[in-house]
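In the part that follows, the structures are each spelled out as structure tokens.
Two complexes come next, and they have one chain in common, chain A, joined by chain B in the first and chain C in the second.
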Partner chain A sequence: MHDKIIAKKDLDSFVRSLAQSRDVFAPVRDKASMGWAQIDSADNLEFDFLNTDFSPKAFFFPQNERLMHFTNSSRDEDGMIMEEEPPRDREQVLLNIRPCDAKAFCVLDLVFCQDENAPDVYWKDKRDKTVLIGLACKAPCPTCFCTSVNCGPHHEEGLDMLLVDLGEDLLARPLTDKGQELAADLQDAPQEAVDQAAGQKKASEEAITSTVDMSKINERPVLEEYEHPYFDRVFEACINCGTCTFYCPTCHCFDIQDETQDEFGHRVRNWDTCMSWLFTHHTSGHNPRGTKKDRVRQRFMHKFKYMPIKLGGAIGCVGCGRCTRKCPVNIDVRTVVNSMNE
Partner chain B sequence: MNEITRQLRERAKQLLQEGTVDCVIGYAQGSVPMQEQPFFAYTPEEADKLVWTGFCTNNLANFLIKRSGKNAVVAQGCVSRNIVGLIKENQVQRENVYILGVHSPGMIDAHKVQNHFPGKTIVQVEEDGKDIVVQGMDFEERLPRKKFKRDNCFTCTHRNAVLYDEFIGEEGPQTGGGKIDNVAAPWEKLDSDQRWEAFEQTFKDCIRCYACRNVCPLCYCDVCFVDENNPQWVGKSLHEPDVYTFHILRAFHCAGRCTDCGACESACPVGIKMRRLTSKIEKDIRQLYGYQPGLDLETPAPLSLYQPNDPDVAE
Partner chain C sequence: MNNPYLPYPVRIQRVEIATEDKSLRTFDFEFIHPEHAEAFTYLPGQFAELSVPGYGEAPIGIASSPTEGSHLTFTVSKAGVVTSKLHSMEEGEIMGVRGPLGHPYPLGEMEGKNIVILAGGYAVTTLRSTMVWLLHPDNRDKYGEITFVYGARTPGMLLYKDLLEEWDARSDVNTYITIDNEVEGWDKYVGFVPQIADQVSPKPDNAVALVCGPPVMIKFTQPVLDKMGWTGDQIIMSLENRMKCGVGICGRCNVGPYYVCKDGPVFTKAQLDELPKEY
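This part shows the complex of A and B:
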């Protein structure tokens, strides 16, 4: 596939053509924060931002998602029978998504679609109907460490197309058939633009100064890592709020509830978090993760030990640094991983 | 290193060496700007990590609940008042806590600083006397500290610890300079529809992470009403009535107990101003009952006490 070029001044028509038959979303500034918003032109697009505050995981795995609904009446002939929600009727595009967030979706595919024949239909339907157009990172944030966890500022995995900001122009690299189709009308990129993008990739990677080391975590048997003395201290400051997991693009725990009101009821899936004691509380009264230490340990063991073992080496972290930026008590994932690795 | 930090480390070391306490709960320098970390020093060596800066925004009283052994804790005015409250509510034993009182310079609001630099990455923020020096990836700016203080620190009435075993550094001015009555004033001008609208605006972005609840020393119930599921009082989604119910009930649970420490607002990842709600309750308790929480160990909290001459009974 050839690299293409698109002048920023022509971006508007590109976005408008995308928006004709799809819902297009992109990071848009709202005062001091960057959020995801629907766009139909290139007017509010920004190219100088670090990443969105919230990860885009909610596009496929919303914080609250109605799975089914029912009439809440046993007298009604159709009452208490679950009816499924209709699938998405339009394609969507996530434009200017960061490489780490796209990679996170690949990790979550391994979770939600483990069994090809029985995938999570809610996740899969939206994934299949979405095109991901990434934007490579020029100036990584001091908390970014994607290069240590199988990702990077120009990482291509999971994307249909990668854009590299060259100033006046964007280099557009189609990566899949979907991407190629969207790039069909674009000009081929001149060699100097390709070289410039390659130079930028190197510079961005070098600009990421924080690293984590997982070599010993990988080697050590599970129980030995589980009993690492470091876990006796790391949880102390944690307030078990779960903010880290809500902001994380790869955290995916949920709870399913039936909610009813008058004659109507629905089954909803809500984000839950390993940080909450309630999450693992059994009806028997037993709680396998009854203490704060158990819960904090779970978060890190899950991402950096259990997931790699269970999912063929895939790490449950893409290095976006959101958990570190948002934690109210400064529990820094990099410090934790490096200490687990000692 | 500032003078308070130096003295704090020295005293913490001695207390641990002598065995007066098993642990000193204070703050260590955080790994990201404007975010010091609650820190537990068990050895004299660990005491060398303690710091005292304008970024110590968590409420350390929270960490005393259900803790075994004897703990020293660093406490400015509001935190000491929360410790008093916890002792009164039998959550902390007075003899098991050794309070290292400090004066608060007024803490910095990280949201305000970040909002001053939209879209920019802040790499470091340092305090320099009356200023803060903010360094970013491609800029440096000196700002007056005063403008970036947390809202609650402006209207603080007790910046010195009210209860302590020893005081670190000098006592300083008691108040933040702002008028505490003004905080609730905006509500009082609104009719009930407008109040509801202002309330909805305030809480619309809440993601129900519960950082505000978990960081607060008042929220120590074994099972919070939002976690109860038999019966389930509140739904679990972001459905507005459930989000609002959580905030209204939490605010009422804190009535006559909240010290306006501001930890809840500092912890909120989306910057919600939940003190807008507690401020009105704070004022009502102060004016109707002449009571400010946590000032002494004797006066009973008004809402845990029945009196025939209670203002609402008298009417």
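This part shows the complex of A and C:
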């Protein structure tokens, strides 16, 4: 597939054509923060931003999602029988998504679609109907460490197309059939643009100076890592607020609840967090992760030890740094991982 | 593509108050659509989510055996929101069952071996399923000696009394039914399961033990088995953790890297010895 080029001044018609038959979303500025919003032109597109505050995981895994509905009446002939919610009827595009967030979807595919005969149909339906057009990172934030967790500022995995900001123009690299289709009308990129993008990739990778080392974590048996003395200290500052899990693009724990109003009822899933004591609380009162230490340890063991074991080496972290930026008591995931590795 | 969250609609066929303190009820369900009965292929040791629209779901071990026909049996302790609602439901009412979930006991690997079953309290549910399955004419010959030890607090707390009588009368299974304390008219065993296991002293040679019961029973049974020379890979247990999805996605029920719902609930003692005690 050839690299293509698109002038920023021509982006508007590109976005408008995308939006004709699809819902297009992109990071846009909202006062001091960046958030995802629906767009139908290039007017509000941004190219100088670090990353969105919230990860885009809600596009596939909404914070609250209706899974099924039912008629809440035993008298009704079809009552008390769960019916699936209908699938999406339109395609969507996530434009200017950061490579780490796209990579996070690949990790979560391994979880949500682990059983190919019975995948999580709600996740899969939205994944199948979405095009991901990434924007490579020019100036990574100081909290990023993507390069040491199988990712990077120009990482292509999971994207249909990667855009590289070259100033006046964008290099557009189609990566899948879907990406190829969208790039069909674009001009081939001149060699100097391709070289410029390659140079930028190298510079961005070099700009990421913080790293984590998982070598010892990988080698040690589960119990030995679990009993690491470091866990006796790290939990003390944590207030189990769950902020880190809600911001994280790979955190995917959820709860399922039923709601009824008169004759109508539905079953919903909501984001949940392993930081809550209720998460594992048995009805008997017994709690397998009853202490704050247990819960903090679970979050890090899950991402950096359990997920690699279960998911053929995939790490439950893409190095986006959101948890570090958002934690109210300054728990830094890089320090935690490097200490777990001591 | 099957939706793993969508329960099969079922009708409550029969409800029975199972114990004298009324804390347990046994339910039989029939599938409303025959193709769902067909699709629900299970083996002893697996569980299902009982789904009560408007209240939620509770994971419950399947007490029936597939050799008994297409209905499903569950024995449910009244505990929280869903199970209390279930206890108020009657024959004929419609609800859902989602499953079968988890792995069964390793019935294939157990072939040719002697089988020792140690059960305490209402954890006997999936072992009822196992016993019925093992004793079925199609299966009995594939296994060696079968020893079944089951204890409850009082005679009135024993589940499945008709079956217990039947097994007690059979010559091809050694049945030991026990209650905690002496009661007038009781002519079977008295004592806790670990004590009876100690007396029975089942040999570990070419044998597998299935152990299910409350944590205190497990705790005191272990040293008894150790003393007789049983090793961790011969002891099979079934875990319980709080669950939601039942299919290894929602992240709730893990013990180390393994999900009790998807990778369990059946684990060997040897497997569990390598994992955090988060259950």
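We adopt the following convention: the second predicted complex is superposed on the first by the 342 of 342 C-alpha atoms of A that agree within 3 Å, B and C clash if a C-alpha of one lies under 4 Å from a C-alpha of the other, contacts with A are read in each partner's own complex, and residues count from 1 in each chain.
We adopt the following convention: a residue touches a chain if its C-beta (ideal position, glycine included) is under 8 Å from a C-beta of that chain, and two chains touch if they have at least 3 such contacts.
The structure presented is a predicted model; accordingly, all values stated were derived computationally and were not measured.
Participant: Contacts for A:Ser215 in the overlay, against chain B (first) and chain C (second): which applies, first, second, both or neither?
Facilitator: In the superposed model, A:Ser215 contacts neither chain B nor chain C.
Participant: For A:Val121, using the defined touch cut-off, is the partner it touches chain B, chain C, both, or neither? Pick first, second, both or neither.
Facilitator: second
Participant: Tell me which partner A:Val111 touches in the superposition: chain B (first), chain C (second), both or neither.
Facilitator: After superposing on A, A:Val111 lies in contact with chain C but is clear of chain B.
Participant: Of chain B and chain C, which one touches more of chain A's residues?
Facilitator: If we count touched residues of chain A for both partners, the winner is C.
Participant: Which holds for A:Ser21: it touches chain B only (first), chain C only (second), both, or neither?
Facilitator: Neither partner.
Participant: Now for A:Gln191: first (chain B), second (chain C), both, or neither, which partner does it touch?
Facilitator: In the superposition, A:Gln191 contacts neither chain B nor chain C.
Participant: Determine, under the contact definition given at the top, whether A:Asp255 touches first (chain B), second (chain C), both, or neither.
Facilitator: both
Participant: By the touch definition at the top of the document, which applies to A:Gly79: first (chain B), second (chain C), both, or neither?
Facilitator: After superposing on A, A:Gly79 lies in contact with chain C but is clear of chain B.
Participant: Contact-wise, after the overlay, does A:Gly242 reach chain B, chain C, both or neither (first, second, both, neither)?
Facilitator: In the superposition, A:Gly242 contacts chain B only.
Participant: Would you sort A:His302 into first (chain B), second (chain C), both or neither based on which partner it touches?
Facilitator: Once the two structures are laid over each other on A, A:His302 reaches chain C alone.
Participant: Taking the stated contact definition, name every residue in chain A that is touched by chain B in one complex and by chain C in the other, in rising order.
Facilitator: Comparing the two interfaces on chain A, one with chain B and one with chain C, the shared residues are 255, 257.
Participant: If we count contacts the way the header does, which residues on chain A are in touch with chain C in the complex?
Facilitator: My answer: residues 67-68, 70, 72, 74, 79-82, 84, 111-112, 114-115, 117-121, 124, 221-223, 226, 252-258, 260, 265, 267, 269, 272, 274, 279-284, 286, 288-289, 294, 298, 301-302, 305-307, 309-310.
Participant: Show which residues of chain C lie in contact with chain A when the two form their complex.
Facilitator: Going through chain C, the ones touching chain A are 1-7, 9, 51, 53-57, 79-80, 83, 93-96, 215, 240-242, 244-245, 247-258, 274-279.
Participant: So in the complex, which bits of chain A are touching chain B?
Facilitator: 29, 31-32, 34, 46, 48-50, 63-64, 139, 141-143, 233, 236-237, 239-243, 246-247, 255, 257, 259, 268, 270, 276, 278, 324-332, 334-335
Participant: In the complex formed with chain A, which residues of chain B make contact?
Facilitator: Checking each residue of chain B against chain A gives 30-32, 35-40, 58, 62-63, 111, 114-115, 117-119, 121, 123, 137, 207, 209-211, 213-215, 227, 229, 235-239, 266-269.
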